[in-house]
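Both of the next two complexes hold subunit A, though its partner changes from subunit B to subunit C.
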Partner chain A sequence: MINQAGSLQLGDSKYTFVATSDSVEEGEMIEVTVGKETLVVARVHGSVHAVDGICSHAYSELVDGELEDHCLYCPLHFACFDIRDGSVVEGPADEPLSVYSVIELDGFIWVKG
Partner chain B sequence: MKTIEGGWPSDATFEPTFPGSEYYAPFTFQKELDKIWFKTWLCAGREEEIPNNGDYTTVQIAHENFIVTRGSDGQVNAFYNVCRHRGSQLCSAESGHFSRGNIICPYHSWMYSGDTGELKKAPNIPEEDANFDKSEHPLVKIKTETWDGFIWINVDPNAPSLKESFNLPESWSIYERYQMDRLKLGEKKTYTVKANWKLLMENAEECYHCPNIHPELSRTTPPNQPRNWVGDDVPETKVVKHVGAMELKARFERVNIDGNAYRPVFPGLTEDDERKIAYLHIFPHSYICMASDYVFIAAMFPIKPDETLVKGYWLFDPDVLAKENCHIADAVDFWDITSHEDWGASELVQLGNQSKVYENGGVLTPLDWRVANFKKYVQKELEETD
Partner chain C sequence: MTTIDKPIMIIGAGIAGVHAAETLRNEGYEGRIVLVDRDTQLPYDRPPLSKEFMLGESSETDISLRSVESLTALRIELKLGVRIVSIDAEKQIAISSDGEIMEWGKLLLTTGSSLRKLQVNGSDLEGIHYLKTLSDAIAIRQKLDGIQQIVIVGAGFIGAELASSFKRLGKEVTVLEHAPLPLARILGDEMGDYFLQLHQSEGVHVITEDSVVQFDGTNQVEKALTKKGRVIPCQAVIVGIGVIPNTFLSDKGLHVDRGYIVNEFGETSLPNVYAAGDCAMWPFRGTNIHIEHWDHAVNHGKCVAKNMLGGDSNAYTTIPYFWSDQYDHRLQYFGHTKNWEATVLRGNMVDKQFTHFYLNASGVVEAALLVNQPKNALAVRRLIKQQQPVDPDLLSNPEVNLKKVHIQAKEDKVSN
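== the complex of A and B ==
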């Protein structure tokens, strides 16, 4: 059920519309806001992933970093995260990024939250 | 390009820092005490710290210590914390209460008036002794004034008034709506930092470091958002500096640890103020950070060339503090964490500045333009002839 505020209710979960499918190209990422959180939404091998948009180490917007396959590199200190599960691949970060559930349906991308 | 504070003034440029020795040489430190610290108005705390006659607080500046106390007429007085007999320090606590408003030396019990500093009693010395006149041995008073609930002291007997020095009330007009005179102290913390006092102020004069060391502050007020500067119509002085306001991140409600609102916004603020935190710096040693539901103040005092004592004050609406279970931890933690990050960085700079390779100093970038202004202020004060 889609309501007018751009959110989708699936069972107990609320999903927020963040982008149209064509705005997230293969190997690219965009920055979106869900509630108070800044997220990056990226497409890798066709699948869309959403993780925290601010590095878990210092304050840096990850959308300004680099995406190489599943590796998301922070632009400030080059910490590397796996965009699929938010895990730290390489420091200096030691905290993983939060991962957000994504639904891509009929050309729209929805993120849980 | 995203940049800190949205950029810098067109005349900001690259220039040298102070040489490294300025941050540890005893000669420089003593000169700064004489030319700056003992000549300017300093924030000695809040009026509500000493609400009653006889309440006192003390202020340490390098080797000097001062007593700040409330007299029977309600006025705040300040004295050198030195007995006129054999020079004992009179009180060693950070704060306390003088019974009946009398300051009594722990060594031989000479007793002074907390109102005037006059020597009232010198035990075992005959009153009729013609060779001893009590009126010749009062405590040495220093200047004190109050403004907006803050207590200010000045060691220089020839100093201009606080109003003249700060250009009051004009320079303060934009902060009147925060009604700081009615706010009350909710928390006070003291920090010892192993770094020269200038490094702490220089750190406060730039936000280039913010993304790197302040993840909490930066998430709440992203440092790459343009800063809201204060117009030229609000005067500054040699020591009063408007540092503009930072804006809250979208959907954050308060400048605190999680962005949630735990207290109402101060009455009298505009809708615009609600989403900002305004910064006012008082050279050489303090900054006042005005959020929409609390005010945080840091005041630094030099102890040694490589050691500085910082007093942190958190002010809240008295109605909030009066409530049972009042919640202030979101604001206290926010600035406690941010302050610790600043002190840690300053201590690293102190270590590096003591190296041989920094004897000629480093470089200030255009992003450090307010550090350059602070450096000019210090240089100018040191060049002043008495």
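== the complex of A and C ==
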């Protein structure tokens, strides 16, 4: 069910509308806000992924980094995270990024939270 | 006993030492790893000391480098409060100030650097500080509440970051710099002027071409006196006038210049002895250079650790890099150059968002300073790695993709 505040209720979970499908092109990412959290939403090989938008290591907006296949590189210390599960592929970060569940439906992208 | 049976010892549990220890284990080394430091604090990160930690935005826990648990899990034997006073490469031992003799099979020196000391009358008064360690930072923070006027000696990176932090904490800040412009030796006059104006626009008083000759006060510093006769009232002074590599662990045959001299694999002139980070001098594109920055310490530590295990398999070629946060400015600097031939500006200084490139005589980008342009960081790093001549017109045009600024690219365009 979609309500007017741009949220979608699926069972116990609330999803927030973050972007239209065409605003997240293949291999690209955008920054969005869900509640108080800054997230990065990216499309890789067709699938949309959402992870923390701020590096887990030091303050830096990941949207300013680069996406190479599934690797998301931070522009400050060049840590690399796997956008699918938030795991650290290459330091200096030692904490993974949180991953948010995503639904893409009828040209709209929804993120849990 | 063979080299393999004895532990790998790392002297200095700073940025390079901790990353090296971790790498040794992660690369599959099964033997003992002994990591010693004269400091009694668990390893911590230094860059926040002048920034978030000074501002009270991050705590000791936030800036801890690795937890005891994670070091234990990797079987890294951390020995704190142990100062090594000498090494002997022939006997393969290190001796601590307590007289303990520690054997090693391979040795990595990651002893970092020390702050250059200001030698003037009154230097031993209360309230005169340096900032290198967590204890230094805590001591400064504890004093801050009762202080209104602060003098910073030296407008280098740490001086500038502290000026920015103290200003945000509502202090009256004077920066004293003996050169005509801040940071000009590294960034050039144009950028030096930009950063001078930045300090001034933030309300920091900058005095250039003058230097402190004396501090006055009863027990506690009350004023700084300068060569040109200025008297600057203050309740605290922070000195940031540069660093000197810690190379006092000499042994016969160990080559030292401005740092332990190492080859591209991190080997010193002594067998089984390696060095990395601030304390090492290493070959970059044919010249021995020294870099006292965080990213280099991490990467050099990791790379040299691999070579300690794999027998010189990894030449170190990482492009030097550092960042600095000052006021609302994030600076990122890639590369290394002293004698650039030309500079190219991309973006607009008025917008506080630009990249300033440093080119050599062949039109190759040797270094670049990014101001509030993190989006360009990885592209600029690639550009510097490529070492291809660029077209200054294309480079200066923010509309042109940084992948397409090489001379070749322009010719292609013309012929099309």
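Basically, the second predicted complex is superposed on the first by the 113 of 113 C-alpha atoms of A that agree within 3 Å, B and C clash if a C-alpha of one lies under 4 Å from a C-alpha of the other, contacts with A are read in each partner's own complex, and residues count from 1 in each chain.
Note that in this section contacts are C-beta pairs under 8 Å (C-beta built on N, C-alpha and C of every residue); 3 or more make two chains touch, one makes a residue touch a chain.
The structure displayed is predicted, hence computed values, not measured ones.
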{"item": "Partner chain(s) touched by A:G91 [first = subunit B, second = subunit C, both, neither]", "value": "second"}
{"item": "Which of subunit B and subunit C A:D64 touches, first, second, both or neither", "value": "both"}
{"item": "First (subunit B), second (subunit C), both or neither touched by A:L76", "value": "both"}
{"item": "Partner chain in contact with A:A19 - subunit B first, subunit C second, else both or neither", "value": "neither"}
{"item": "Partner chain in contact with A:I30 - subunit B first, subunit C second, else both or neither", "value": "neither"}
{"item": "Partner chain(s) touched by A:I103 [first = subunit B, second = subunit C, both, neither]", "value": "neither"}
{"item": "Where subunit A meets both subunit C and subunit B, residue numbers", "value": "58-61, 64, 76"}
{"item": "Of subunit A, residues touching subunit B in the complex", "value": "33, 35-36, 38, 54, 57-61, 64, 76"}
{"item": "Touching residues (chain side subunit B, partner subunit A) in the complex", "value": "2, 210-215, 217-219, 222-224, 249-252, 259"}
{"item": "Residue ranges of subunit A in contact with subunit C within the complex", "value": "58-61, 64-66, 73, 75-78, 91-92, 94"}
{"item": "Residue numbers on subunit C that touch subunit A, as the complex places them", "value": "19, 47-48, 52, 66, 70, 294-295, 298, 323, 332, 374-375, 377-378"}
